């Protein structure tokens, strides 16, 4: 059995834009992989390729065959005509038995502070609440591969930290493969077994860090996180300077 | 002439949800005011009231009369049937003469690294690029009051820092009133003349800090920012604990 | 002074005649190519529906209109300023059947009989004959449909008994071997109403204003029309190409249909007796058909 | 305040109606009543028809036929529109068929319909044929305008095709379908009257046919008025039902 | 690969057509040619009509009338639909009017139309009256389904009402309008033929009326076939034009 998910020399053009050109990388299965990179570099495209929603123009993606995927998209993508609970039920219906489904829905909604809104429609939710519901949906759905595209955006700081902790706990119970895209380097360092910094388009790997520190020992102030943080930030800054010289 | 924008005992119910109950606060005109608060506490609602897009059920909002408003909504809200440049042109057409308009559009698009995408339609933009376009549009439009609802989300760290700097520069040139909603406390402390921490719904003022430090002297590591940061984070944490005890 | 601006002795610029695409129109095809002796050109309009015809009459856009006699009476009784100039068509309705055991009206007891539009002359006459021959209401099942559809269904054997006018009848006879004419409405009429009465089905109405203004033209027109009509009756084979060209009625169909089409020119004033009998029967049956009463003598254009 | 506004709004159509009747009265003065009967005359005819029971007797048939044809059209048109929208092969085969239904005049259908479907069912057939393209084309356009992002959600969470159609497509197609249904319901009453007019003994159309032959324009108008009333009532009913259904999320 | 797929797809309707013709041939065996003429007979009649110039002579009138009525309906229906969608007062006054247009049978219009509009313009009027509700109702439904968030954007940036209508409403109403236009264009050819059938000397409908009276079913079918061809061509044209317009952003 393959133990890695692998991009080999992947090319992908979207419309007129060559997003990936000979992009190669690999993510160990059963580990958390965090992707950081400048806006527009192709992170979402990588997730779409991993999910099989897009196909590479050339090159190979291996190791994703037969995996059950959950995906938090960059937008909440809720069903406006279903209530909060209905949106959960929608994805779980075919996957989980009715009795357990109710329980699971209640559990995840409570976890995210959405239980009292279970009968509201998405239009009555704030931006952060929509985001939480999207996350809920992905977490509750049984998965081997969890793709997260900025899942913690629009959430306040304590909530983000709490959710990072929650994700590590969940991973401990069920060590699935996660690919986590974020713009917050610290978040990546707190969560990832491996953190990858991507260059501007066409994406290449600028930096790859493997962190062996157990989750409970990771702390914003504790080495080696701050030094990784500094290095990564300056790498990203250099990238930014190339495409956005005026800022 | 009033020199403040004032909420006096404002009540606002959305659907079944009582978002604001006797909410009062004031923002000095020509200053930058940052709002931080737990997800779903009513920040967006406050901006909508300021913009006049919603009316209070009770209480008074004064000082916004006759102000020209620009608003970065929590969602990008782009016109899908117009190109990047077309979206800019759409808001500027009636406000600015044609010659100057082209120039202004080019200037702001270059600033945000979107100039090469000027003829692309929004569906070909990444999440962060959409967000930048929305910000572009608001900044280019002539305004007295600038409302920003998480304008820097989905952007990478250097970009965010660059844009914070850019916003302070712009404010120096044209000291308009800004109300800036963010979930990043540090962002708020780097940018605001006043930073307000809101409680969970119904929103009340948990903390109000006036910062007299000039922008160029503000630095993530420099006091009093870190101590404000710590205090505000723990206030928010306490709020979070109330509504999200399971995290 | 009548208030009309045109002097009473002049000639009109043209004469507009409207007529349905049916046998009574045939003589007009001959006239269409010619002009009246006094040089007045003739314009013929084919109308497709009764509304169209009545609208033209009401708006005064057609000087002469070929109409069913009862429709003419109806218009007159409803106050439209017209009179009956002539009657030209005397019975073009027949009872047709595909079944060999149908010979009489009474044989239709319990049978389905297809009749053109409900409330129209064919319908009323059919009901009249049925009741005169002793059938009670509903003993023959009347079903209504427009004649072309009845004819087509009959050709396909889907309709067994029908009342059809010419030239549909000829079409049916030519296309279905079993189709036979059972009754001729004209003879039945004479059987019940007496040999001296005829069945006046269609004629021409003229706008009274036109009649007042151009009395000379009317007689010119009548003379020409009567001539053309007699010629058509006498020489159907020669008229057929004209009809085929103008109305697309196949020549053989036309020639054969003329055998059962009774065209005879009778001026309005001379037709009153027959028309009165006819209309009073209709009046008994359903007053709406003639506009509620028998028209008075002003209905008939005096010579 | 609010009440008085909604009251005015409720009264507005009445003012409109009054203006219309006044205009009609004026017009009817210019023409023979064979062409334009006066409002009073038409109202009286309508009353006579209603009092004599004929109105109900005839319209009962028409309403049943109309509703049957309409329901069949919705029941068949919605899946057909979905199919055409979802499956390019079905589209290239069935789209021409929809055009045939749209374009073929009643008179060309008439005989075939009578032979194949039988006399009494012709109005149902005609209603079906007239309204089904409305449903199909609107449904199709709704499918084309669907949010592709949600389809990706369904793909990721392995939602079965029938559920995707029911829970992703249909709700988004709903406003399009609604426009189609609204159109179809209006056209239903016209179509049923026309079909009866041409082919059947009873029903509103048959009543109109008799009125026409007898040049009883007042009766023709009275029947038309009744049809319009029917149309207005069903239009309102539809608006209420759908408002109730969609108000939550739109 | 791609080419061969699109080729197969292009050929599919042809197979469908072939199957249909075979079926028709079969059916025509069972009935007299007065009821169901054979395909060959109809084709020959169509050819005769075309060769004799009558086809072009008659259809010229119909096409002009149809297009005129259709264009008028789009030109009037779109603003009317917008108005009804945007203004509740206009809605309560004009919605009943739309129902009147939908529901009133041709035969009731005919009388009035012939008086007021004159015979030769009746087909244009009939096309207009038949298609305008399709445009209005679809536009209205499009306006109802608009994205309110973008209206807030327009409000903030003080976009003038006409520009909001042109640049926010219209693009979002476009797919609804498209469904309406697609429906209207199909119905146009039927409506013009029906109107000509009942009231006018020249045109396809007039040709059909003559064919019907003379029991020339083959000619009736030939005209119908021509109408269907007309419908298919305009349907394709519309699809091409709109695809070209909307492909960028949808």
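Read from first to last, the chains carry the letters A, B, C, D and E; within each, the first residue is number 1.
In this section, contacts are C-beta pairs under 8 Å (C-beta built on N, C-alpha and C of every residue); 3 or more make two chains touch, one makes a residue touch a chain.
As the structure is a prediction and not an experimental result, all values here were calculated from the model.
Chains that touch both chain A and chain D: there are none. Steps from chain A to chain E, taking the shortest chain of touch contacts, total 2. At the interface between chain D and chain E, two copies of one sequence, more than half of the residue numbers in use appear on both sides, so the contact is built from largely the same positions.
By count of C-beta pairs in contact, C-E exceeds the other of the chain pairs C-E and B-E. Distance between chain centres (mean CA atoms), chain A to chain B: 26 Å. Chain A and chain C have Cα centroids lying 86 Å from one another.
With centres set at the average Cα position, the gap from chain D to chain E is 17 Å. A straight line joining the Cα centres of chain B and chain E is 50 Å long. Of all residues in chain E, those touching 2 or more other chains are 31, 35, 107, 111, 115, 197, 212, 217, 250, listed in ascending order. For chain C, residues touching at least two other chains, in rising order: 51, 55, 58, 152-153, 156, 158. Chain contacts: chain A has residues 75 touching two or more partner chains.
By the document's touch criterion, interfaces exist between A-B, A-D, B-E, C-D, C-E, D-E. Interface residues of chain B, counted against chain A in their complex, comprise 14-15, 17, 36-40, 44, 74-75, 110-113, 120, 124-129, 131-132, 149-150, 153-160, 162-163, 165-166, 183-185, 233, 236-237, 239-240, 243-244, 246-247. Per the touch definition, chain C reaches chain E in the complex via residues 21-22, 45-46, 48-49, 51-52, 55-56, 58-59, 148, 151-153, 155-158, 168, 171, 175-176, 247-250, 253.
Per the touch definition, chain C reaches chain D in the complex via residues 50-51, 54-55, 58, 71, 74-75, 78-80, 117-120, 143-146, 149, 152-153, 156, 158, 286, 288-289, 291. Chain B contributes residues 51, 53, 68-71, 73, 75, 77, 79-82, 90-91, 93-95, 121-123, 137, 141 to its touches with chain E in the complex. For chain E in complex with chain D, the residues that touch the partner chain are 9-10, 12-13, 16-17, 31, 35-36, 88-89, 92-93, 95-96, 98-100, 102-108, 111-112, 115, 133-134, 137-138, 140-142, 144-145, 175-176, 178-180, 182-183, 186-187, 189-190, 193-194, 197, 205, 208, 212, 217, 220-221, 224, 227-228, 230-232, 235, 250.
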